[in-house]
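Okay, so chain A shows up in both of these, paired with chain B first and chain C after.
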Partner chain A sequence: MSKKKMIKITDISKNTDKLASVANEDLMPLPADFEEKEWDKIPESTSEKYACILDDLNILQIPKPLTKEDEEDLVNKFIDGMRKLFSKEDNWTFLTILETTMEHCAKCNTCSESCHLFEASGENEMYRPNYRTEVFRRIYKKYIKEEPFAKWRSGDIDLNWRTVVRLGELAYRCNICRRCAQTCPIGADNALVAREIRKIFSQEMGISTPELHEKGSMYQLKIGSSTQMNQIVVKDNVEFIDEDFSDETGYQFETPWDVEGADILLIHNAGEIMAWPENIAAFSIIFQAAGISWTLSSDLAAYDSINYGVFYDDVQFARTAILQAQAAQKLGVKKIMLGECGHAHKALTVIADRVLPEPLKIPRESCFPLLRDIVMSGKIKFDPERNNFPVTLHDPCNITRLMGIIKPQREIVEKLCPQFREMHPHGPFNYCCGGGSGYAIMTRNNIPEWRFKIAGRKKLEQILNAFSDCRGPETKKYVCAPCSNCKGQMRDMFERYELLEKEQLTYSGLVELIVNAMVDVKPGFIKWEEDY
Partner chain B sequence: MSTSIYLITYLSIIIFMAVIVKRIIHYVSNPLHVRWELYPVAHEGERASYGGGYLEEVDWWEKEREFSLIGELKVMIPEILLLKAVWEHNRSLWFVTYPFHLGLYLIVAFLGLLVFGAIAQLSGFSLSEGGPLLKAVAALTNLVGPIAFILSVIGSAGLIYKRITDPGLRNYTTFEHFFNLGLFILTIGTAILTWLFTDPTFAVSRTFIAGLISFKMTPINSSVFLLQALLAAFTLAYIPTTHMSHFFMKYFLYHDIRWGDEPNINSPETDKKIGVVLNYPVTWSAPHIAGHGKETWAEVATFNPTAEPEKVKEEVHEQKEDD
Partner chain C sequence: MAETVEFEGKSFNVDEDGFILDFNEFCPEWIQLVKKEEGIEELNEEHTKVIDVLQDYYKKNGIAPMVRVLSKLTGFKLKHIYELFPSGPGKGACKMAGLPKPTGCV
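Now for the complex of A and B:
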């Protein structure tokens, strides 16, 4: 039954079991009938330890306060962190952008309709982009800025432990896709507020999600990759990929490692090596066939482009970016190139641009422009007939909306895929896959349910609509999703809704489409399940 | 009485300017922020039409960058004059917020016309008996003023209505919204009364402005007009202290943040700023940041808190030997 009710800003502080719940009846309808089950209960092992008072799931593991002192401690630490967030020394990175959002939002809700979570949840107030910002803004005006008449001017808020816990969790109910920021007439940025709240928890309170922190950025700093592959294992695995795919494709290739003075240091998301080895192979085949001077690096953090700090922690972000730049400096390459990973693109190319000091300023670029140039150059022979199945293109937010790389990937699919069709909207106005800002790697408890039911719902609708002329299991279809996180989200979502069986729908990257069309490679590089 | 209104008006103009300058100084004196641009970036020339940018090129740092002022104007003008984003994404609000904003723009135009007329008057010209230009200014003032007043009052009332009746908006509406809109209705409503009953050709308004410009503070004998001037002075000083300061801060939000895609290439100035911020102290308390004796951003960012890489290296070395 619909549990929709108007949630007031001040409800966040109330002594209730939870703030909100999204019922199946309220979900945005899809252009196909998919059965949705009720939310799985949060396991007791989780709800006993962590404060689960926002909705039907738990993402940020905030220890449950057991005593009055614990409760006060939570509030005091949060306020300490918030003060630092508004200090130029501790938050030089984002202070200006945060302050302007605090001061100039007109509270007009123009950003609401742009948010796929708000829409997918049946406009549940909790998901309105401005909801968490408004709570945060009221705390800022009342407790940090101590603005005279804050209560009347900006609205009142009671800052208790429930407010803190719910606000922390709410920061993890946003994909930080910045679609809302794009529609704001003023230029305010609700996505940034979600990220800044995550920073308070991580940088001050030492609370973050295990997937992003302990098993994410910390593994990368410790072992070299969040996949836990050290440099020996990663090289072994890639060697195995080289052998395996040389046999399979009939195209002999070898992935170069640690080549000093190469033109390009390519950094893959190491998750590809484990989950989508064909992506690694495809890059190596294309670069070898095009005669590119390139290398991978086996240095700490430099064979894994991920930088989860970009989702929750500036310090972890800077540490990772510096290690990656240092590896490039050591090899003396001309530039760093990012493989098919959206957040890694943005992290190292754009955000690190004002973090890396002079000696580490090695130019950084996306792989797509070079791939486009290779495909257009005539150096490699293609047969587009091999890609003659319906293909649509997913635009990873980080690469398109946040970096303006729109055309290169389109020029490639337009040339190599006779049945290419766009999703709507697309390019910089795309919708997030639902896995953005860290969720794609989260499989804890009922988080996947949320990823499919709410976060990925709009993308699923877009995909199904893009193939409205060829629905059903008779026609093989392909979603080109050139980003590891987006692929992770699609893999899990397609499995949940049995889209391979019901729709012959598969997903993979851009380089796979290129290699699939290469005349020098045996046909059938891209596989639908039954081909394996 | 009218002298004190003149003095209050001077004071309000000073406060208005001072608050604007203070906000701008605060903004520009903040430290360097990281890049956080959002596409489409309007100055990207041709590419802006589909939301692309310079990162679409191989070796983009060696290429000539496009900067299209026309492109920026093509976005800014419809945004400012027509409130395009609200039209596209929040149509029902547009129908009330647009008259409000258009009314305010026209009030600015109206004030411009009054200032022009006042200067002409001070220079010895008579608006009613002057040449065609002066006559046109007088006629335009008479036309623009009432339209501006009526639109902004309708818009303000409409916004109040919307904020009360739309449950989504109601949730985000505070006392300040009602106060601000009420203040506009009161101030502009008084201006409408003045126009209707005391100053139908805005001659008194022009005399007042001439008195302000010339510092002669010519006495005004209309108490309705003086009340209107008092309210206008208060509103003028008050606007930049509120979120309505977006009318000028929007420049920075768009140009420095949303479209701030300037890469750090051959920019000693940016390198210098990076040097400054990397030397800022870090006081974040989480265990992966604090407690390692690292104090500045440069130290913290180049420190590996896992303290294990060395051990991993050893393990790798041993593993290699085993192999």
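Now for the complex of A and C:
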């Protein structure tokens, strides 16, 4: 039965059980007949310990307040943290855009129409981009800015522990794709608000998600990579990749490490090494074939481009970015280049500008323009017939919408893939894969329900529509998704809806398509079923 | 966060996906517990080989091997590893070997 109901802004403070619920019949319909299972419940072991009062999901682990003091503590710490967000000394990184968002929203709700979560959930009020922001805005006007007559001018809000808990959890119902920010006529950034609320919880209250913090950014800072590969293991694995794929492709290559004075320090998302080693091999093959002067670094955190701080914590962010820039400085490279990872692009090429001191401001670039130049240069011989299967291109939000890197990928697939077709909309107007802002690495409890039923739904619709002329298991199809996070989401979603079996649908990156078309490499680099 | 699972007189601290949190808690009873979950009737030499390889690698490197490495070290193709462990090398074999759940963008 449909669970849609009107939810008011002030409901967030109410002394009730959960506020929102999404039934299968509320979900945006898909152009396919997929069986939707019932929504898994939050396990009791979780709801006993953590405050689960927002909806049918728990992502942020906020301990249940047991006493009056606990309740007050939640509110006081939240307000303390929020105050810091609005001080230049504590939040020089994001203050300007945060204030714009607080002061100038016209409540037109254009943002709602642009949000895939709102649409996919059957327009559930709770997941409007501006719901969370409006609660936050009212708290700001009443308690931080103490604007005269805030209650009447901006609407009232009761700041109690339930408001805080629900707002924290609601900050994890956003992919931070910034489609809403793009569409806003004023430039308000609801995604940033979600991210800044996460920041209050992490930096002020010590509450974050284990995937992003304890087992994410902490592992990266202590061991060198969120994957827990230390410097020895990572080199060992890449050496294995070199040997294994040299055999498989018939193309002898070697990945360079710690080459002083190389032109480029390439930083991969280390998850690729463990889960998608063909991506690592493909980069090495292309760079070697094109005669690029490049290297990887085995320094702490510099062989893993991830920076989960970008999703929840400025301090963890800065610690990681500095280590990566220092590694480049030590090697004396001309520039740092990011591999196929969207949030790493955002972290090191965009946001790091605001935290790196001058000597560490080494030029930082995306890999896509260089890959385009290589493909167009004529240095490598290609046979596009090898890529003669339907291909569509997924645009990672941080690479396209945030950075405006749109054409290089397209020039490559247009040259190398005879059956390339666009999704609609695409480029800067793309939709998130559904894994953005950390979801793609979360499998805890019933989080997959959110990822597959709601967050990834719009992308799945887009993919199926892009292949509307060749649906079914007869035709092999390929989604080019040049981002580790997006690939993680697609792998899990394709598995959930059995898309390999039903649609012969696979996904991988951009460099894989390039190598698959290389004449000097044995045919069949891209595989629909692994045969190693 | 940790939960405790009791089985045949032993107790194990596991995460939400049922992976053991501390490899030191591994004991033969753990294998029996996961075997039941995985729906494996009887363990054969090949299962044991996969588990031994995973544990040796983990003890040396503090992390599970890449799937391709596991395949090389055991001599079993990925498809065969799925035949042995229906949930696959990660959720099936690594879990049974007592390795913690992989982390990061994997």
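Rule of thumb we're sticking to: the second predicted complex is superposed on the first by the 529 of 532 C-alpha atoms of A that agree within 3 Å, B and C clash if a C-alpha of one lies under 4 Å from a C-alpha of the other, contacts with A are read in each partner's own complex, and residues count from 1 in each chain.
The rule we apply is simple: a contact is a pair of C-beta atoms (placed from the backbone, for glycine too) under 8 Å apart; a residue touches a chain by one contact, two chains touch by 3 or more.
Quantities reported herein were computed from a predicted structural model and do not represent experimental measurements.
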- prompt: In the superposed model on chain A, is it clash or fit for chain B and chain C?
  reply: fit
Chain A as apex of chain B and chain C, Cα-centre angle in degrees (nearest 10): 160
Task: Scan A:18 for contacts with chain B and chain C and give back first, second, both or neither.
output: neither
Query: Should A:379 be classified as contacting the first partner (chain B), the second (chain C), both, or neither?
result: neither
Query: Taking the superposition as given, does A:444 touch the first partner, chain B, the second, chain C, both, or neither?
result: second
Query: Regarding the shared-chain residue A:230, is it in contact with chain B (first), chain C (second), both, or neither?
result: both
Statement: Of chain B and chain C, the partner touching more residues of chain A is B
Field: Partner chain in contact with A:271 - chain B first, chain C second, else both or neither
entry: second
Task: Using the touch definition from the top, say if A:350 reaches chain B (first), chain C (second), both or neither.
output: first
- request: Just the number, please: smallest Cα separation between chain B and chain C in the overlaid arrangement, in Å.
  value: 9
Query: Both chain B and chain C touch chain A; at which residues?
result: 223, 230, 232
Message: For a test of understanding, state which residues of chain A touch chain B in their complex under the given definition.
response: 6-9, 77, 80-81, 84, 88-90, 92-97, 99-100, 103-114, 125, 128, 130, 134, 152-155, 178, 181-189, 192, 202-206, 213, 218, 221-224, 230-232, 300, 315-316, 318-319, 322, 335, 349-351, 353-358, 361, 363, 365-366, 368-370, 373, 400-408, 427-429
- request: Going by the contact rule at the top, pick out the chain C residues touching chain A in the complex.
  value: 1, 3, 15-17, 61-63, 66, 68-69, 71-72, 77-79, 102-106
- prompt: In their complex, what parts of chain A are in touch with chain C?
  reply: 43, 45-46, 49, 61, 210-211, 215-216, 219-220, 223, 225-230, 232-233, 236-237, 240-241, 244, 269-275, 277, 304, 306, 341, 440-441, 443-445, 484-485, 488, 530-532
- request: Using the touch definition up top, name the residues of chain B that touch chain A in the complex.
  value: 27, 30-41, 44, 47, 50-61, 79, 83-86, 88-90, 93, 97, 167-169, 171-177, 179, 243, 245-246, 249-250, 252-254, 256-258, 261, 263-264, 270-271, 273-275, 277-278, 280-289, 297-298, 300-306, 308-309, 312, 315-316, 319-320, 323
